[in-house]
Amino acid sequence: MNVMVDLCIVPLGEGTSLSKYIAECTRILRGNGLKTTLHGFGTIIEGDWDEVFDSIKQCHLALHNELGVERITTTIKLGTRTDKAQSAEDKVNAVERLLSKP
Amino acid sequence: MNVMVDLCIVPLGEGTSLSKYIAECTRILRGNGLKTTLHGFGTIIEGDWDEVFDSIKQCHLALHNELGVERITTTIKLGTRTDKAQSAEDKVNAVERLLSKP
Amino acid sequence: MNVMVDLCIVPLGEGTSLSKYIAECTRILRGNGLKTTLHGFGTIIEGDWDEVFDSIKQCHLALHNELGVERITTTIKLGTRTDKAQSAEDKVNAVERLLSKP
Amino acid sequence: MNVMVDLCIVPLGEGTSLSKYIAECTRILRGNGLKTTLHGFGTIIEGDWDEVFDSIKQCHLALHNELGVERITTTIKLGTRTDKAQSAEDKVNAVERLLSKP
């Protein structure tokens, strides 16, 4: 089963700059061969359900065990569908097409 | 690794009443021995990371394959921490204690 | 327009214990006459759209200006419907009724 | 107070294709002069708190009253900070800079 995920990992008590932690997670996700796209509030991940969620677990473990983060709060949006295959890019393009009509 | 999850599963294109789908997911989660608490916008689940996420996958599969849902959009909040063990009930109680002080 | 909101306010860089901040927000929300219910991952708020969102803004301002929080990341789920009136308690009860059937 | 919002509006019971509704919301947001960026799971909006939330309310009202949607469930992530000004693009660039280092 394929899944599209929007991942937002937030370490608590680690100051107000989180880019170091997001970069570490992005390295893990891309290192696992997952397609990722960063946006202003998270990372879109597209792939196989098990691979995506195993990778998210790896992110939590790396932040706790390697970067010393004591508490993490994460928000995930995820979509699955059986009616058709659709990439994140397809979703944006479908809206842009409608917006470009007079 | 233990995890606390707030799960909100939303089938699309299946009318405006979703209780049937939430009930099915709750049966799956409880059938897997997970501690669950329903609230007005989701279900709190407490347990082992792998068991929780395997169960969430089972919910998606059941909605697609048994209840015929074509598209699902799900929101998950999840927390992990290494500084102390804390249940969902502990979290609420910690706030209530502060509120009860004069 | 009535709205049901699930509010989860997270101050960043303020340590791993957040109950003090949640309690302050709960005081503001209740002080404004809103119906609130705490759960393990947030607070359910039911009320008029403008009153609810004005109160959430007050929470952000109080955390920044009175409690000295430099950065806040908040997750809100919100529902509006025109087909019927339904409280958070109604939603939970609708699921529990289905679960109690043999 | 400026705010960065990640908005994901989901009409229930309106089929599995939602692009029509997202396009209508995007027209409203842009028509109000807000900076918006579409991604695979929502829309990043940057602007003044009151203008952003008034516009989100307009989106709900338009979907209910003009497009006939009976139930909407929306997820919003929002960030405010007092330590520095930072755009959604700045956030992505900060992570990309770290990722480009050897």
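First chain written, first letter: the chains are A, B, C and D, and each begins at residue 1.
The definition used in the following text is that a contact is a pair of C-beta atoms (placed from the backbone, for glycine too) under 8 Å apart; a residue touches a chain by one contact, two chains touch by 3 or more.
Remember, it's a predicted structure, so these values are computed and weren't measured experimentally.
Q: Can you check which chain pair, C-D or A-D, has more C-beta pairs in contact?
A: Higher contact count goes to A-D.
Q: In angstrom, rounded to a whole number, how far apart do the mean CA points of chain C and chain D lie?
A: 19
Q: Can you compute the centre-to-centre distance for chain A and chain D, using the mean CA position of each chain? Integer Å is fine.
A: Chain A and chain D have C-alpha centres separated by 17 Å.
Q: Could you check chain A for residues that touch two or more other chains and list them?
A: In chain A, residues 16, 70-71, 73, 75, 77, 79, 81, 83 touch at least two other chains, as defined above.
Q: With chains as vertices joined when they touch, what's the shape: line, ring, star, complete or other?
A: Graph shape here is complete: every pair of chains touches.
Q: Please give the residue numbers of chain C that touch chain D in the complex, ascending.
A: 1, 49-50, 53, 57, 60-61, 64, 70-83
Q: So in the complex, the part of chain A that touches chain C is made up of which residues?
A: Touching chain C from chain A are residues 10, 12-16, 18, 70-71, 73, 75.
Q: Would you pull the chain A residues touching chain D in the complex into a rising list?
A: Contact set of chain A toward chain D: 4, 6, 8, 16-17, 19-20, 22-23, 26-27, 37-42, 44, 75, 77, 79, 81, 83, 87-89, 91-92, 94-99.
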